[in-house]
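In the two assemblies presented below, chain A is common to both, partnered first by chain B and then by chain C.
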Partner chain A sequence: MSSLRSFLLKLLPFVLLLLVWHGLVEGLRIPSRLMPGPIEAGQRIYLGLISDGDLWAHLWQTLRSTLMGYALGCVLALVIGSVLAMNRVLELLFYPLILLMQAVPKVAIAPLVLLWLGFDARSIVTLVALICFFPIFVGTFIGVRSTPEVLRDLFRTLDASGFKTFLHCSLPHASGSIIAGMQVGWGFALVGCVVMEFIMGIGGAGFLIDNSANALDTVTAVASMVLLGVMGYLGGMLIAAVKQRMIFWEGPARHG
Partner chain B sequence: MLLSLEDISVAYPTRKGPVQALERLDLMVQPASFASVLGPSGCGKSTLVKLVAGLLKPTTGSISFDGVASTGARDEVGVAFQQAALLPWKSALDNVLLPLRLKGQSNAAAREQAERLLDLVGLKGSRDSFPHELSGGMQQRVSLARSLVRDPSVLVMDEPFSALDAMTRENMMMELQRVWLDKRPSVLFITHSIAEAVFLSDRVLVMSGRPGRVIMDRTIDLPRPRTLDTLASPKFAELSNELRNLFRPDSPMHASAA
Partner chain C sequence: MDDVTSPVPRWMQVVLPAAGVGLILAVWQVLAAVVNTPGLLPSPLQTLLTLATWATSGGFGPHLTATVAGALGGLAVGAGLGLIAGVIVGEVRVLDRILYPVALALQAMPVVAIAPLVIVWFGIGIPSKLALVAIGTFFVMFLNTVAGMHATPIELSDMGRAFGGSRWQIALRINLPNAWDYIFGALEVCAALSFILCVVGEFLAAKAGLGYYLRAASSNIDAAAMFASLIVLSLLATTLALAVRVAHHRTVFWKYRRH
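Here is the complex of A and B:
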């Protein structure tokens, strides 16, 4: 299949979605106060990003908070996941605690985080880190744990220390699983950030949606929702592209 | 280097109680000689490999290299596993270099040596290929080159060709002889194939069923280098048959100790 054709095919669902959206809004004569069509939303996006630019500040705030929380969550999950995977005693001690923490929906503890850490960016970053921790942790843990025994034996016959085996064998082996966890984690991170912005109400895309919906400015709310979706999608695509480049030894490129 | 295993016993704990994998096994491989080990499944051949490779400690008995007792991994021992066990994210050359890189010894001279070894095993053009781009036979050759990169005086190989098709096996058998004649380490070669054992070795050791002991030590006095003609010679057939008879269902080998 030519790359032009596959590119067009990838575009097709979005085009169809826009057509259906437009069709429904026009056909059922839905008032734009309730649900604007894609053309109106597109006009609002143009206004918000290009001619007036009032949406940029909010989008940028969300992106920044999400990225910072995501980075923190990644680092914590990588370190804790690796350590627990390499050491059975620590695993026995701490894995149940992690599962316990996971059982509490992070979104539910958002108000508590605000109470503990204050009404500022720290709370957002912390909640985002908490919410995206688990999938990345699991990806890391499983990836490192699943290092084939024959490779670990190989490193033992070469008299390699535990750390060297981790660095040169287990970690590269785990990278596919880790990145898969990071893909899931990215989606969670964005959710966490937006929820915090709903609650805090002082800025960001979450605030934008909440605030404009309350003011019956549905067009802005829908436009913001679309832009958030694009942000999530682009982030996911970026991670997928990194995965393609890094994990070159698996997947459809294989032969022989 | 002289490899010697004395009075080796190895017991594994299992769900059903301890299993005696090896019992009072004695085995010696003379310097620069090639010894094969033949035995039924489960007789403890892999346990033997793990002992010599330093992955396992014997429950009793000792392993010595040139008379010096040792357990644990040693630089002088090269190991080739049943699976090629290559790192999929590294090229063939980098895989061969791995033992040296882990010791911090991978410089330009090391790279040259790794390239020479890849040439030696017939993979001159595959230096930068990745394992997923190589066939099973080629991967085993990389594994062989890697096991030689530290110039080992002892080479232990655990059925390295068993995952390959019959024709590739025969080719690899010839290759291994060629490589071995070049370097002459002491080799302990585990195999299921009587033909491989007879073709490659100076001695063939036959192991009993579990718990494993050496029940026959047959010297193979075929002239070297051995060729396809050797495979067809009457002496080869005679030796092969002698060993094959030991594997018949009614032979004493299958009776294990109580």
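Here is the complex of A and C:
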């Protein structure tokens, strides 16, 4: 009973948001070609997902490119982050490159990626991977590097190889910080995908938002924005759930 | 950089990064020579020449000013309003209960997605870039200010109450200074976000600006111009981030005092 009540309490702000949105659009008589109300947007979502289904193709394209780029970025960041954290010489050698990569706003290289790879899903996947690489790399590097010396000593006395020490000691120790990086990276990944779809103009939720806004079909634009937000939110929830399961020892219980 | 896990001689800590810089330039030069098309991949020298031409002719000026105006103007409006709203909501419990979850949920949406709509509302000039940056930075600053206001140790506000401080005196003299650390942390994120959002806005529709220029150069197959403008953009973003960090460490001096 009390869990139902707390659920309703959590829902209350969103109900309020919808009411305020509705009230503003109605009260100020904002024409729906500038800003549709929540009812119109809801009807468009229903039409696009259930009765007509025209939004699925774009959403699916966005989800697919984002996931592919995200997976690529995660793998690269994990491997490179671990190698640089375990090897001081390589770390110093690649330090300038990392600094350089950090300095460039990654979204801005979208036109360059487009020039090099062309109007193709490869461009999107590449940009997404580049954008989400950095937070995951930093999480991996800091996590692996901060493995307590005591633990490493223990593995040394057990005669473990460098790789085994990494796999059974440093990596589990770093997992909390890696997943934190992956949570930030997920948000970045979606941004990268949307931006690339903006400038490529060949399908995807980003293309749909831009295209329908340009045609003053803001109802479709807002509907796709809401669905994109839901996609981002669900993805974030999923990663948070994985975090809870995998790294049970770092649960919220520790904070109180 | 002190590291105990795998000690490296001191000279290597200087030589290796320098070698890294050399390696980047060498690989870049070789790749450029292999590709042999400045339109696709300019050499380091060609990139420098492009920058030098801009510096002397000044033809790049309008793009630079447009982006700086959009990013900094939007940052000032968004972060400023976010700070004010954060202080108020951080203090008033009812507002906090209602608005904080809403803001948190809205922030889950990639903010760049709203860019086309903002352009419909504010036109293709600088105001739309300013508005986009303001919307994006507002939420970051708002959420962090509220979190910072709430992170005040209870003993401090108890002491304020014991000395007869009124509610808003405690909020402004105790909770707010305590939140500076959060606020400047958020400002650093906002600074990075401001240039990104401004450039994305310019990708979509603009009369001038680095994003506009980058996209035009992409269609003209002029990678030298793109490299040069990316360097300018990176310098701008880095300078702003460093300035914020210096201000951060000066303001929150009790935490970042040098030993």
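Note that the second predicted complex is superposed on the first by the 246 of 256 C-alpha atoms of A that agree within 3 Å, B and C clash if a C-alpha of one lies under 4 Å from a C-alpha of the other, contacts with A are read in each partner's own complex, and residues count from 1 in each chain.
In the analysis below, a residue touches a chain if its C-beta (ideal position, glycine included) is under 8 Å from a C-beta of that chain, and two chains touch if they have at least 3 such contacts.
Keep in mind that what you see is a predicted model, and the values were worked out from it rather than measured.
*Asks:* Please indicate which partner A:A108 is in contact with in the superposed arrangement: first for chain B, second for chain C, both, or neither.
*Replies:* In the superposed model, A:A108 contacts chain C only, not chain B.
*Asks:* On the superposed three-chain arrangement, identify whether chain B or chain C touches more chain A residues.
*Replies:* Residues of chain A touched, chain B against chain C: more for C.
*Asks:* Just checking: does A:V222 make contact with chain B only, chain C only, both, or neither of them? Give me first, second, both or neither.
*Replies:* A:V222 sits against chain C, while chain B stays out of touch.
*Asks:* With both complexes overlaid on chain A, does A:T157 touch chain B (first), chain C (second), both or neither?
*Replies:* In the superposed model, A:T157 contacts chain B only, not chain C.
*Asks:* Looking at the complex, which residues from chain A come into contact with chain C?
*Replies:* 10, 12-14, 16-17, 34-35, 87-89, 92-97, 100, 103-105, 107-112, 114-116, 145, 147, 149, 152, 187, 190-191, 194-195, 198-199, 205-206, 209-210, 213-214, 216, 218, 221-222, 224-226, 228-229, 232-233, 236
*Asks:* Which stretch or stretches of chain A touch chain B in the complex?
*Replies:* Contact set of chain A toward chain B: 148, 150-151, 153-160, 164, 168-169, 172, 248-250, 254-256.
*Asks:* Which of the residues in chain B end up touching chain A in this complex?
*Replies:* 50, 53-55, 72-75, 77, 79, 81, 83, 85, 87-89, 98-99, 102-103, 130-135
*Asks:* Under the definition above, what is the set of chain C residues touching chain A in their complex?
*Replies:* Going through chain C, the ones touching chain A are 3-8, 12-13, 16-17, 19-21, 23-24, 40, 97-99, 101-102, 105-106, 108-117, 119-121, 192, 195-196, 199-200, 203-204, 210-211, 214-215, 217-218, 221, 223, 226-227, 230, 233-235, 237-238.
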